[in-house]
């Protein structure tokens, strides 16, 4: 369960939103470009601080302006896929994926990572560097890297925008399976009606 | 003195001597002779008198100090860094006017420094180099300083003053006689024109090698060393 | 108190930094962008002025541009320019010692500029020269300013090579750092301390100033 | 031919570069990432060792860690460590003169690392320490290597401050650059030329080596 | 008229394509992620060199392996919008747009640029820096920057992927108007069937 209520102002821009999403549910943040969707999920991830409001995961407050609570991003257990991939350019695909895993055993981590890559048909790219990947390949790696840490919440900022339709449809199905398996709240920023139809249980209009 | 030293294992002994840079050639030779005689090793540190003084004050492992001027030794004696009873005068330095003959300038006396074709006169910085101070004193006594001061270029020390001349960038310079080699064109400057360049030697009080130090200061005054010092143009007191 | 060493130091450091910046940006760009045979050796070579004791560097400079040298003769006889024992020689000495610092800073900051931006500018019809000035240089700005700061500080402190080629002529070539050296050598420690405070203040003010310009530039 | 100055120079430059790299990366990171009051002044202050003539710097170092000083007394009397006039003093002198170069290079290269990558690493549960070592440092690598190159070259060439605190003791503290200075001062120009070639070759080989490691690292 | 025939090989990847598109026509490069679409348009822009083949604009050869012709990118007069925007971070939006314009008069350039921004509803952002824009806003600025130079060919690498549906639909219409007005060949890499339906006259399958 993720509860969000935030206010954030820039000189010529202001958002003030409130929504919640339960475990196993997918909420879609839907609205025109520049309406504050990215800012919202960056706030949930703890990368920027809202001006007012609070954020709660499973009844635990991770941010509250009034109570002066602000858990640092590293302890929020949130999977975050930024709009521009954010892959580490100096690490191979496989190392990007295992980077956040908590397991001690490296072999185990690699096996898990290869399983994840296989889902997206990228296991043959495991030893490539991000700059050797196409745009869509990069984005799929970024999604798998976020899922690899078993996050309590998953935040996806337009995750499918660079994917072609066939891959997209397959990935949607895979991801839907993942979502129900993990049983966590998922926040999905998207412009694609089909994403909303297939994946979302809820919509927050921006 | 020879005898006292023999009680110690000489091979293990190292004597550290700090000396002003104008002594480089003479002292290296004296050091060799000393090593032959005593079978121990002499390690020289040449540098500017001012630097070496600071190093001794701050605990440099130096046994014997041979600066280019008496003032520095006296300062160290006052501070208790040099043993007063070991202070000894062993040579008197001379300065020379050296010219670069490749430049077709003829300098037959100090008077000629006024000539227009002489544009640069190199001397060691009189503010801290004793030989530079002597050079300045000589030019003042000769009544030239005010006329030629604008041509003077200060160098860090006497060796650098000589380099300015050797490379032809200064037509003339005043340096130590001890640095002059056969192929150079020079003019000895009358020693009446400046305060005597008394070369003093002393033993450092924190040295734990004072016996050998004493042997060295004695050796510097021995006939063998006198020959070398004279060869390099020092006067013997 | 004689202020001429201070003015002289500021003058020499300013000229030297200006030339160092221009030459350094040029060579740094070549090292970052051009591929040629022997590049890594060339890149190591430009660092060499740093490994020689400045006095020794000064000695080589003296026999390279001095009166007796080929270059020196041309300068004096043909062009009637006398460098040695003037403040201009101090500028040359400073440039040589600070250039390696500038080149390295420029090279690594230009290398880290995103090349797709330069590519986009190419498709927008821009010449390499205009890409250099309008894309590469502004985006590498941080590193370049870092290099300028180092070059300025280095030339304020330059002393060994300067002493050798410019001499130590009070009022003409005695820079602040030579005056400080003189004071320490002559045992005038109070004067030395004062001059050290002076040179430090000038440098800090200059660096804060460079920093400030840099901040304002960014928006 | 006596090779000890060569070994000594390599030893001193290696130790000095190692420590300079560690301290420089630390301070450079603080300057790039932390906000604190008086930061720009602090940033200018760390550049100061460059503006003092090395001999003068050596003089201050000598009275700071020498026998007469507070630190010196503790070192000698309590800990029985004698630094002055050992190769360790040469290492300290080299660190002080080359640190500003390292700090600047590190600072500007860390500042140019894309912060979203560090943000992503945060959401992946990494501590600031691990982000520093696994994201920031590798991505700033080019500038850091540039700084290491400068620091190494600078400490190979260090001479003024070293002479002051370590002396010029053949076989113990006489580094190559001091030997070169000696040769030039003594008019032994052939020996000086030979030593200059030697120090240049060592530096070039070292820089090519650093370069090569750096290349291989990148994949 | 743009004619393209290129071959390019990487260690585990090879493309070999040939297609052409006339003035006023829009060709859509359509195919799965990693199939070489970006590489193709980068070759046309002159940013990478194909291994074999030729590229021709209006009967003029701009690249020919055999004849050893390779016009530099700056003289190809091609508008290129890369997959990740490629905005100049140190320039304001307005300065990004006028950067490639050939006019002498700065006021004229600014007026033209504001007109272009107005089409995409971004004229109020003209004095912002790219990092102050949302993802979609960045992409619109990048498209306008490419159009601002009156290119002979327009290359768009997934230009609409970060845009929301409403903006997209408007922009499509606007752009269609532009296309017919400029009467140049347009190459459009896209994953969106709707883009293909509305805009494309031709499809090259990848």
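Lettered A, B, C, D and E in written order, each chain numbered from 1.
Here is the rule we go by: a contact is a pair of C-beta atoms (placed from the backbone, for glycine too) under 8 Å apart; a residue touches a chain by one contact, two chains touch by 3 or more.
Note that the coordinates shown come from a computational prediction; the quantities given were computed from them, not determined experimentally.
K.L.:
In the chain contact graph, what is the shortest path length, in steps, from chain A to chain B?
P.N.:
The least step count works out to 2.
K.L.:
Which chains are shared contacts of chain A and chain E?
P.N.:
Touches both chain A and chain E: nothing.
K.L.:
Which chain has its C-alpha centroid farthest away from the centroid of chain E?
P.N.:
Result for max centroid distance from chain E is chain B.
K.L.:
What's the farthest chain from chain A if centres are computed as the mean of the Cα atoms?
P.N.:
Using the mean of the C-alpha atoms as each chain's centre, the farthest one from chain A is B.
K.L.:
Chain C to chain D: how many Å between their CA centres?
P.N.:
20
K.L.:
Just give me the whole-number Å value for how far the CA centre of chain B lies from that of chain C.
P.N.:
So the centre of chain B lies 36 Å away from the centre of chain C.
K.L.:
Per the centroid of Cα atoms for each chain, what is the distance between chain D and chain E, given in Å?
P.N.:
Once rounded, the distance between the two centres reads 49 Å.
K.L.:
Can you list every residue of chain B that touches 2 or more other chains, as numbers and ranges?
P.N.:
51, 160, 163
K.L.:
In chain D, which residues are in touch with two or more of the other chains?
P.N.:
In chain D, residues 55, 59, 184 touch at least two other chains, as defined above.
K.L.:
What are the residues of chain E that contact at least two other chains?
P.N.:
84, in rising order.
K.L.:
According to the definition of touch, which chains form touching pairs?
P.N.:
In this structure, the chains touch in these pairs: A-D, A-E, B-C, B-D, C-D, C-E.
K.L.:
Which of the residues in chain C end up touching chain D in this complex?
P.N.:
Within the complex, chain C contacts chain D at residues 40-41, 43-45, 47-48, 50-56, 59-60, 100-101, 104-105, 107-109, 111-112, 142-143, 145-146, 149-150, 153-154, 156-157, 159-160, 177-178, 180-181, 184, 192, 196, 199-200, 203-204, 207-208, 211.
K.L.:
Help me check something: in the complex, which residues belonging to chain B touch chain C?
P.N.:
For chain B paired with chain C, touching residues are 48, 50-51, 53, 75, 102-103, 120, 122, 125, 127-129, 152-156, 160, 163-164, 167-170.
K.L.:
Going by the contact rule at the top, pick out the chain C residues touching chain E in the complex.
P.N.:
Counting only chain C, the residues touching chain E are 116-117, 119-128, 134-135, 138-139, 141, 218-219.
K.L.:
Quick check on the complex: what are the chain B residues that touch chain D?
P.N.:
16, 21, 24-25, 43, 45-47, 51, 54-55, 57-61, 157, 159-160, 162-163, 166, 179, 181
K.L.:
Going by the contact rule at the top, pick out the chain A residues touching chain D in the complex.
P.N.:
45-47, 72-80, 82, 84, 86, 88-90, 92, 99-100, 102, 129, 145-146, 149
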